[in-house]
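Naming follows writing order (A, B and C), and every chain is counted from residue 1.
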Amino acid sequence: MTTTELDRVPELAPRDYASPLASKLERLWATKPGLIGWLASVDHKEIGLRYIVTAFVFLLVGGVEALIFRIQLAWPNQHLLTPSQYDQLFSMHGATMILWYAFPVLTGFSVYLQPLVLGTRDMAMPRLNAFTYWVYLFSGLYLYVGLALGSAPNAGWFNYVPYASRPYNPGLNIDFYALANILLGVSTTLGSLNFVVTILHQRAPGMSINRMPILSWGTLTISVGNLFAMPSVTLAFFLLWLDRQFGTHFYSPPSGQPLLWQHLFWMWGHPWVYVIVLPALSMVSEALPVLCRRPLVGYTAVALATVLTMVLGFGVWLHHMFATGLPNIALAFFSAVSLFIVIPSAVSNFAWLATIWTGRPIFNTAFLFFVGFIIVFVIGGVSGFMTGSVPADWQLTDTYFVVAHLHYVLIGWNLFAVMGASYFWFPKMFGRMLDERLGRWNFWLMFIGFNVGFFPMHITGLLGMPRRIYTYPDGMGWDTLNLIITIGSYIMAAGMLLFVVNVFYGLKRGVIAGPNPWDAATLEWSTPSPPPPYNFVVIPTLASRTPLWEERLNEGPYRSQLSEGTPLDHGKEVLGTSSLDAQPNVILRMPEDSIVPLLLALVLTLLFAGLIVKAWWLVIACLAVGLALQLAWLWPRVELRERRP
Amino acid sequence: MSTVVAVSRRSLPVGSVGSHAIGWWGMICAVLTEGALFGYLLFSYFYFAVQPRQIAFPPELPSLWLAAPNTVILLVSSVAVWQAERGARRDSWLRQVVGLGSGFVLGVIFVGVQLLEWQSRPFGLSSNAYGSLFFTVTGFHMAHVVLGLLILLALTVWSALGYFGPRHSAPISIGAIYWHFVDAIWLAVFFSFYITPYLGLRHGP
Amino acid sequence: MKRFFLGDLAGPRMTAAKVGAFLIATLNDSAAHAAAPLNYLTGHGVRSRPIATLTWALMIISVVVVVIIVALLLAGLRRGHGFSAPAPGTQMPVARPPGGASWIYVGVGISTLVLFVMTVWTVVTLAHVANPPRTDDALRIEVTGHQWWWEVRYLSPDVSREFITSNEIHIPLKRTVEVDLRGADVIHSFWVPALSGKTDVIPGQANRTWIEADKPGVYRGQCGEYCGEQHAHMGFEVIASTPEEFEKWWNSQLEAQPNASSELAEAQNTFIAKCGICHTVRGTRAGGHLGPDLTHLISRRAIGAALLPNTRGHRSAWIADPQHLKPGNYMPRLELSGPELNAVSTYLDTLN
């Protein structure tokens, strides 16, 4: 009678993906067929892919927005867009890219990959995982409903008050932005919580903290960072909404403090910059060594640099406010920290260089993207170094130099890494390779387009072109450069389009990949491609960071045990292990697929819809239904050992 | 020579057990992020308090008549919930139910007194910056108390139905963490809004 | 001296040459300033010069770093021992060659040294430019940022010598000008790249900055913080001239406008009726404060916050439909009849 067992000695079974054990696990873990089954799925691979696809759709939408206003800026004195349309477009572009693409795409990769690289079968809280995805999706749709109604945010993505407060912005534009951000904040916070628990509690036995893949270091670091940073922005937007709708006095003079917004926003905003690049950096640190045929140089240094960057990232928010009239001593301090935050990035950078120099690179598309990534990483880094210096920043800030810098950071550090990672992990996700020939075209178009499109922005910035202007006069020295920028952005868009083509081609016609097409070292490559719903037929036990390379590296006396392990087939089970040394300490029961996360996400979104139209009855109804659903969700269950049978 | 590591064959507990429960970890993370939220709320309060122009702060010191006893009530409720948790571990149905139940009742009293406190204030949410801060911060806390009360209520009912025992006490522990957190946060809010003015962070022109 | 416009050179093929030419032009401050009026690679005052030097130093270091890293990267790729893409699943050799860690030590060591030097330079420059070197004889003005124009009040110990103008700041050469910044509505940023960096104009907060020019000229300024629909057209000009010329200008600005002669009385009345609610012309009944002070409008170089040269044609076009030239600005379309428009224009012509 399995339902009453309180303790169990885990059984032992051989790794065989064709065994009856495998089919039993398949039955236990597989997403049920049909639409309802699909909507109710809590499989992390399913949800991870949904995240990635959704984020890429937002990337394309945000890109199209930029392509539209780049036409306006290609020549001086253009009036294709009215100022109001331009303002909404550039605000939507920024918000979409930074909030609805850059982080969610990394979340998608993490949701997909973390359980696989950690050697477990799902996220710690699978239903919560589904919930966070749906809330993310709905928050994005919520924002775009605003655009469809002509009420898209128009105060830039950092939305400074008092311009964003009601007297100067009376429409619903900012309300849509504020509420969509709060909704997204719920998703981001809960998602981060889920990663922290998963990574600290569900690593395969033997994967002590110093054997954890760099990929997991990245996700763990930024997830902990999010737990501390997210409340700041969520609160900032909530207070703004109160100011706008209930006449509170947080931000608007005479008794409000406009700078309070900037403090709250950037206390989140700067850590956020690292949140949306560190996991991307860690993907490079994970995949680049595989393509250089050696373990990463300086694993410990890179892991600690990741953590240090996040920690320092909480101490530099004032560098977005150098021109606001702060005391000189504060400026000097924050300037110094902003310069020295370059050091941990330098650690990673030299670790990659050393990995390439001492390794033997495989020249494929993924590798090209990583090389391109390193180049733009350095350019984005040094332009950040320039803006970190207060007196220089007084000139550079709010010019196109900053626009260039932030695109080198966000496209360079995030998108190029994501592209490389897509070429690298696509075979794992779909069992087929992306095409190399298309891939090379994709890379060169994107790399050339990106640099042609964004490098000249440094120069227009130095020539004094302010950001966020809907048009500009001629005779300022900016004309030709802006035309070049526009041409570059279209070349880059063509490259992006080629990627979409390659994905569809790869899904249909790609070469069959096999479990480990790159001959890589970590656990996700020890399962079939695509992985079965249960990921691992038996749970592996680790003895090193590179379980699949141990024989060839021939280091240390111990080898990982991958060919047999505990099957955990008495239900949907995973192994819980201790946080530092990953000793097994509990067998955890995972919940079944459930439609409740979707329903709850819908109710929450409906509640926010009630808030924007101020239909209080709807808000209260949603609260009541939501609480009831929560109760159903949390009702202690026998099968999870939460109550006496 | 190399050896393949042995697969651990230690006997393991199955399911949600104490600090091995996923929910326990989740709650710790939730408390961290909620703690940060209140950190930012209090940052906002002190940001206003240290501005050279404190035009919106009331000149009189805050009254402790209601708030001080109410603080004691909330702390006692924490003790009650702690007792309930011990009861569950020692398989005492009565201690579980009474502990959780009295924690719940004390929490409800806290909410009632807090409503009186709100009513006694001469200003409102939109009167001035101090009013906005006071009602928003205590309002956020109140929302957390109400959520905590719902959790305590559910736990009381489940306890009464005999769901929990020594081996099945994780939900009570998890709920208790949240309730203790809500109480700890109140101490921070109470200190900021009621005690610091007496310590010299004087408001008013 | 040859006037130098980037845009004057031939098409995109010439870009590298142009940028190079611009960089050479920066060696000659005036040429650079003419080619790109808002550039800040050349300083024209004691405040902006150390900043420009620091910016150049940072930029040169940055370029050197990028060149070194890219060279190292490409050299690493060209060592000829890599593989071209093998078939999926092929077992490839794996090794852990020694020597990687020294890259991190050396690279981070050098980076730290450079960062340390630049941090010291930054702090020294900050201390040097944050406050004016001497303030005893400083000129003080108060600049108020409005959506989307600048109000400028000249302050004097003698209150009768104070006056208000807009969108054009005249300053005497080689004398510190302290600028008190006031926000009327949303956040703006006061920025004259040739003379100083940005200082935000924040409602409810008294910020102060300072400028000083050491060469006569017209320096363009611009709002540096996004402030709404017409942020793009929130420019102004700083005109630096000799102390004598400046004094002359001040005195002329102090004068009120005389009541219009009889043939202009009709035009003046039309102006007061149609424009006087928002605009002030000292000496007349036009006393509005919502828009710029127009007392000496004709003395200014531009209209609409550095939007258009101040010619009669532009003034008439503006009055006829301000929303066409600067959509979203707070001056409504007045629907003036032809004769009214003519009258207002005629009256404005007299505001010298």
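Throughout what follows, a contact is a pair of C-beta atoms (placed from the backbone, for glycine too) under 8 Å apart; a residue touches a chain by one contact, two chains touch by 3 or more.
Bear in mind the structure is a predicted one, so any value in this text is a computation, not a measurement.
Asker: Going by the average position of its CA atoms, which chain sits the greatest distance from chain C?
Answerer: Following the centroid criterion, the farthest chain would be B.
Asker: Which chain is the middle one, judged by CA centres?
Answerer: Most central by this criterion: A.
Asker: Based only on mean CA positions, could you tell me how far chain B sits from chain C in angstrom?
Answerer: About 51 Å separates the centre of chain B from that of chain C.
Asker: Please work out the Cα centroid separation of chain A and chain B, and write it as a whole number of Å.
Answerer: 31
Asker: Would you kindly tell me how far, in whole Å, the mean C-alpha position of chain C lies from that of chain A?
Answerer: Taking the average C-alpha coordinate of chain A and of chain C, the gap between them is 37 Å.
Asker: For chain A, what residues touch not just one other chain but two or more?
Answerer: Answer for chain A, listing residues that touch two or more other chains: 254, 256-257.
Asker: I need the residues of chain B touching at least two other chains; which ones are they?
Answerer: None at all.
Asker: Which of the residues in chain B end up touching chain A in this complex?
Answerer: Within the complex, chain B contacts chain A at residues 1-17, 20, 22, 25-26, 29-30, 32-34, 36-37, 39-41, 43-44, 47-48, 51, 55-56, 125-126, 128-129, 131-133, 136, 150, 154, 158, 162-165, 167-168, 170-171.
Asker: Show me the residue ranges of chain C that touch chain A in the complex, using the header's touch definition.
Answerer: 5-7, 9, 11-12, 15, 18-19, 22, 35-41, 50-51, 54-55, 58-59, 61-62, 65-66, 69-70, 72-73, 76-77, 79, 81-86, 88-104, 106-108, 111-112, 115, 118-119, 121-123, 125-127, 129-130, 147, 183, 185-187, 189, 193, 196-200, 202-205, 207-208, 222-232, 327-328
Asker: With touch defined as at the start, can you tell me which chain A residues reach chain B in the complex?
Answerer: 5-10, 12, 124-125, 128, 189, 192-194, 196-197, 200-201, 205-206, 226-232, 234-235, 239, 242, 246-250, 254-257, 260, 263-264, 267, 541-543, 550, 554, 556-561, 564-566, 570, 573, 575-576, 583-589, 627, 631, 634, 636, 640-644
Asker: Chain C touches which residues of chain A in the complex?
Answerer: 82-84, 87, 155-156, 160-163, 168, 253-254, 256-259, 293-295, 297-298, 301, 323-325, 328, 331-332, 335-336, 339-340, 342-343, 346-347, 349-351, 353-364, 371, 374-375, 378-379, 382-383, 385-386, 389-399, 427, 433, 436, 456, 459, 462-472, 474-481, 483-484, 487, 511-519, 521, 549, 552-553, 555
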